[in-house]
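Quick heads-up: structures coming right below.
Both complexes shown next keep chain A, but they swap its partner, so chain B is in the first and chain C is in the second.
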Partner chain A sequence: MSFWKTIEDIDRRWVYLMVGLAVIIPFIFPTEFPISITPETQMLYDAVEAVPDSSTVMVVFDYYPSTIAECQPMSVAALHHFFRKDCKVITLSNIPLGGPSMAETVTRRIAPLYDKEYGVDFVNLGYKYGYVAVLSGMGTSIESIFPTDNSGTPISKLPLMDSVRNYDQIAFIFEVADNATADYWVSIVNAQYGVPMCCGTTAVGAPKYYSFVQAGQFVGLLGGMKGAAEYEILLSKPANAVLGMGAQSLVHLLIIAMVILGNVGFFASRRNKRKVTP
Partner chain B sequence: MRTTVPVAIAFLSGFLMVVSFFFREEATFIGGLSQNLLIWLTIVGGFTLLLGVVSITRVNWNAVKARKEGWIFKVFTLVSIFAMAVPAVLPSSWSPLFGRAEGSIYDWLFTYLDMPMMATMFATLAFYIASAAYRAFRARTAESTILLVTATVVMLWRVPMGEAFLNQFPGDIPTFLNTYIMNGANLAVQRGIIIGAALGAASMSLRIILGIERTYMGKG
Partner chain C sequence: MSSVELLQIWIIAFFTLALFSFLYKDNPVYKLAEHIFAGLSAGYYVGLVWDTVIITQLWDPMLAGDYWLVVPGIMGALMFTRFSPRFSWVSRVSLAFVMGVTSGIFLVSQLHGLVLPQMQSTMQSLGTDNGIGAMFLAIVVVIGVISTLIYFYYSKEHKGVLGVTARIGIWFIMVSFGAHFGYTVMGRVSLLIGRVQFLAEDWLGSFSHIF
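Entry: the complex of A and B
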């Protein structure tokens, strides 16, 4: 086999090994590179900053555990941001597979750092089937859709919910999603009820939402782990997303190198083939 | 009868939801009716989840009974379903292990088994993507070359090391990429797709409301 053919056909197990090393090495030898802030993240940060202190907001956990590496840092940073502003936080999820549990775990981990009490400063509504019905129904009455919170307590017994009837009392919605539920938040809640909202989503999903940002339907956007890292930097709370940037950087560079290598091998062996068979 | 009644229900429900858009106030009859319809929808949806559990149990149980190939995996499926579901639906007043609160069986299984397994499954994609990109991403045509070059620079831009590299070149490449690729070409294409999909969804909804589209009843 010629050299170029070898370059074109590296065994996939070597590729897997290199990816594995590219993920592990930055965690053992962390290297810091400056993380620049994209305009979409800056807009999101400024919009959350502009939410009046002590107002009631929603943080939506619309992501599956599979994308926790990308999405969880966003929801964690959002909770830090809102609790720092003394906002009342209502969490919910349109994802049956783990959404409410992640909301519960994350919120209960961060709330004590700001002396926040469940039922008074934050509430987890949990999950209800049928996001279109849920999002539309909450426009009239949140209690009719969520009569109880995630652990079964009637929301009439939660002091925070005394002053919240529908979207009219919600100052801002922070949607963290790894799927198309963000589209429904835009088309139902933002378009029909005018609640300002932003979105944090996976890097794969982010390109779709640039159009919503430009249209003003999302006041900002976090795209993938990089977006989460930017948000952490703006909050001066570097955490998992900033830490993950090293691994993501190396894997991206590795994939680019592999693509270039594959193409060099492809063109070189094609040229050699032409020389042999004119 | 078996066709007319579902078509009539679909028509009335769809028509009511369309009309209720113009009657948002809860005080109006239409507004109240549509709100009730939405609550019914979440309740009926809850039963469909139950139906899913019944169905998956029946299918897997039959396969285990018949000792079909891979039956042992179906045993794991059944055990997993009930190990997660049963303690979660039992009231937490009986024991702190029941329910879904922190420290419950459900919470433990979710946090230490389900979540890491799903994250691991998704993370393995990185290996396949790297391998697939190396093997399949070839600049064979002008279109694929444009795609390849664009993907490469965007990938570089989206990570700090890559951005530091791009900043070595004259001109503000990261800003150019954000302005002309993400908020330019990408945005235009995505908007076209979104509007096209929305028009498609609207026309399909209209066909269902008017009873033209009946495939949801298993009929052409």
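Entry: the complex of A and C
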């Protein structure tokens, strides 16, 4: 059997094994690849930097636990960025499965690093069913949509919410999403209430949102783990996304090699067949 | 690390490895994990909606005096008539309300928030005010939008100028598919990296707490 025939008939489980090894090896022997900053990430960073210190912002956890690897580093970096600027942070989620608890866990892990106190410096509104009604309703009154926070405390008892009635008091929205809820933040909140916002999204969703950046609807964009890694670098807080990019780059090189090998094999075996059957 | 956290990590690790076992071949452990995931998701969702909608937004406010909420409550209950062939028509009242409200909200928000801004952003200056590079990109956007739209114009046979433009549109679509595919690969690999990170850091790290 020729080399190319062997390649053509290779059991796909060997490919899985190679991809698995390409992911695992960089964790054992850390591998660094250069990470360049894309204009969209730089725009996002600059936009967050331009938010007035001590203003109130929203960080939205619109992603499922399945995309933690891509989205969580974005949320973590955003919280570092806002807390560093002494901003008041309101978190919420339009995702029922895991969104509110991830917001709670992540925020409570980072807030103590900046001496931030729950209720005064940050609040987790949690989840409310029906994102269209939720996003529209908060334009009139956040309290009418979220009478209580994620733990059931009436938001009237949270000092931070005393000065926040609706989007008029929100300086910036940082949406992290792995689904189409970002579209509704744009079409309802940005378009109708004019709140500036940016988006961190999965790599799968990113191509769609470049046009939103071009149209000025998002002031910046983080696309997948690469975007998250860029943001971590800009913040000088390299963490999970930067760590994961070693494996990411290695797997991409492997996939490129396999695509080239597969195509060369395809044309080689086609040429051989032509030789056998003139 | 508490024993509850340890148990949590081990359960997550078990289900991660159980689902990965499908890469070798279909097996009962994979099936078990798959069924538990489906059941848990459905159960969690029902519980969440019950608590955040029925109790928080309907029942509690009604007890507090918002009696008008009985109207949406009844309309919601009417949806269950779909289970009865004889009375299923009643559910159309609620469905009609939902469709009407949804259309009204989405018509405005989609047009005002998505269609018009996106159209506006394609109408760029083709002058050299922002440099040669920006002019070139603006030309690419204009050609890309027009040729792609023409590719999806099926009322006339794609021949002559229309055919050439449609073929240019195909190239733009293919480039777009390529970008999407590249990003999709990155996204899927990221999911694997996330799981490996968990197994390497949390799960293997938990061994030191046990042994």
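Keep in mind that, in the parts below, the second predicted complex is superposed on the first by the 277 of 278 C-alpha atoms of A that agree within 3 Å, B and C clash if a C-alpha of one lies under 4 Å from a C-alpha of the other, contacts with A are read in each partner's own complex, and residues count from 1 in each chain.
Going forward, contacts are C-beta pairs under 8 Å (C-beta built on N, C-alpha and C of every residue); 3 or more make two chains touch, one makes a residue touch a chain.
Fair warning: this is a prediction, and the values are worked out from it, not measured in the lab.
Student: Comparing chain C with chain B, which touches more residues belonging to chain A?
Tutor: Between chain B and chain C, the winner on chain A residue contacts is B.
Student: Return first, second, both or neither, reflecting whether A:224 touches chain B, chain C, both chains, or no partner chain.
Tutor: Both chain B and chain C are touched by A:224.
Student: With both complexes overlaid on chain A, does A:264 touch chain B (first), chain C (second), both or neither?
Tutor: After superposing on A, A:264 lies clear of both chain B and chain C.
Student: Is A:120 touching the first partner chain B, the second partner chain C, both, or neither of them?
Tutor: After superposing on A, A:120 lies clear of both chain B and chain C.
Student: Taking the superposition on A as described, I'd like to know which of chain B and chain C A:137 touches: first, second, both or neither.
Tutor: In the superposition, A:137 touches chain B alone.
Student: Would you sort A:34 into first (chain B), second (chain C), both or neither based on which partner it touches?
Tutor: Touch status of A:34: first partner only.
Student: When the two structures are overlaid on chain A, which partner does A:255 contact: first (chain B), second (chain C), both, or neither?
Tutor: So A:255 meets both chain B and chain C here.
Student: Between chain B and chain C, whom does A:188 touch in the aligned arrangement: first, second, both, or neither?
Tutor: Once the two structures are laid over each other on A, A:188 reaches chain C alone.
Student: Determine, under the contact definition given at the top, whether A:240 touches first (chain B), second (chain C), both, or neither.
Tutor: Only chain C is touched by A:240; chain B is not.
Student: Taking the superposition as given, does A:216 touch the first partner, chain B, the second, chain C, both, or neither?
Tutor: second
Student: Quick check on the output: what are the common chain A residues between the chain B footprint and the chain C footprint?
Tutor: 16, 19-20, 23, 66-69, 96, 128-130, 136, 183, 192, 203, 207, 211, 214, 223-224, 226, 248, 251-252, 255
Student: Please give the residue numbers of chain C that touch chain A in the complex, ascending.
Tutor: 23-24, 41, 44-45, 48-49, 52-53, 56-57, 102, 105-106, 109-110, 112-114, 117-118, 120-121, 176, 179-180, 183-197, 200
Student: What does chain A use to touch chain B in their complex?
Tutor: Where chain A meets chain B, its residues are 10, 12, 15-16, 18-20, 23, 33-36, 38-39, 64-69, 96, 98, 100-102, 104-105, 108, 128-130, 133-134, 136-137, 139-141, 144-145, 150-152, 183, 192, 203, 207-208, 210-211, 214, 223-224, 226, 229, 245, 248-256, 258-259, 261-263, 266-267.
Student: Residue numbers of chain A touching chain C in their complex, please.
Tutor: By the definition above, chain A touches chain C via 13, 16, 19-20, 23-24, 27, 66-70, 96-97, 127-130, 132, 136, 147-148, 183-184, 186-188, 190-192, 202-204, 206-207, 211, 214-217, 223-226, 240, 243-244, 247-248, 251-252, 255.
Student: What residues of chain B sit close enough to touch chain A in their complex?
Tutor: It comes out as residues 21, 24, 26, 31, 35, 38-39, 41-42, 45-46, 48-49, 92, 99-102, 106-107, 110-111, 114-115, 118-119, 121-123, 126-127, 129-131, 133-135, 137-139, 148, 152, 155-156, 158-164, 174, 178, 182-183, 186-187, 190-191, 193-194.
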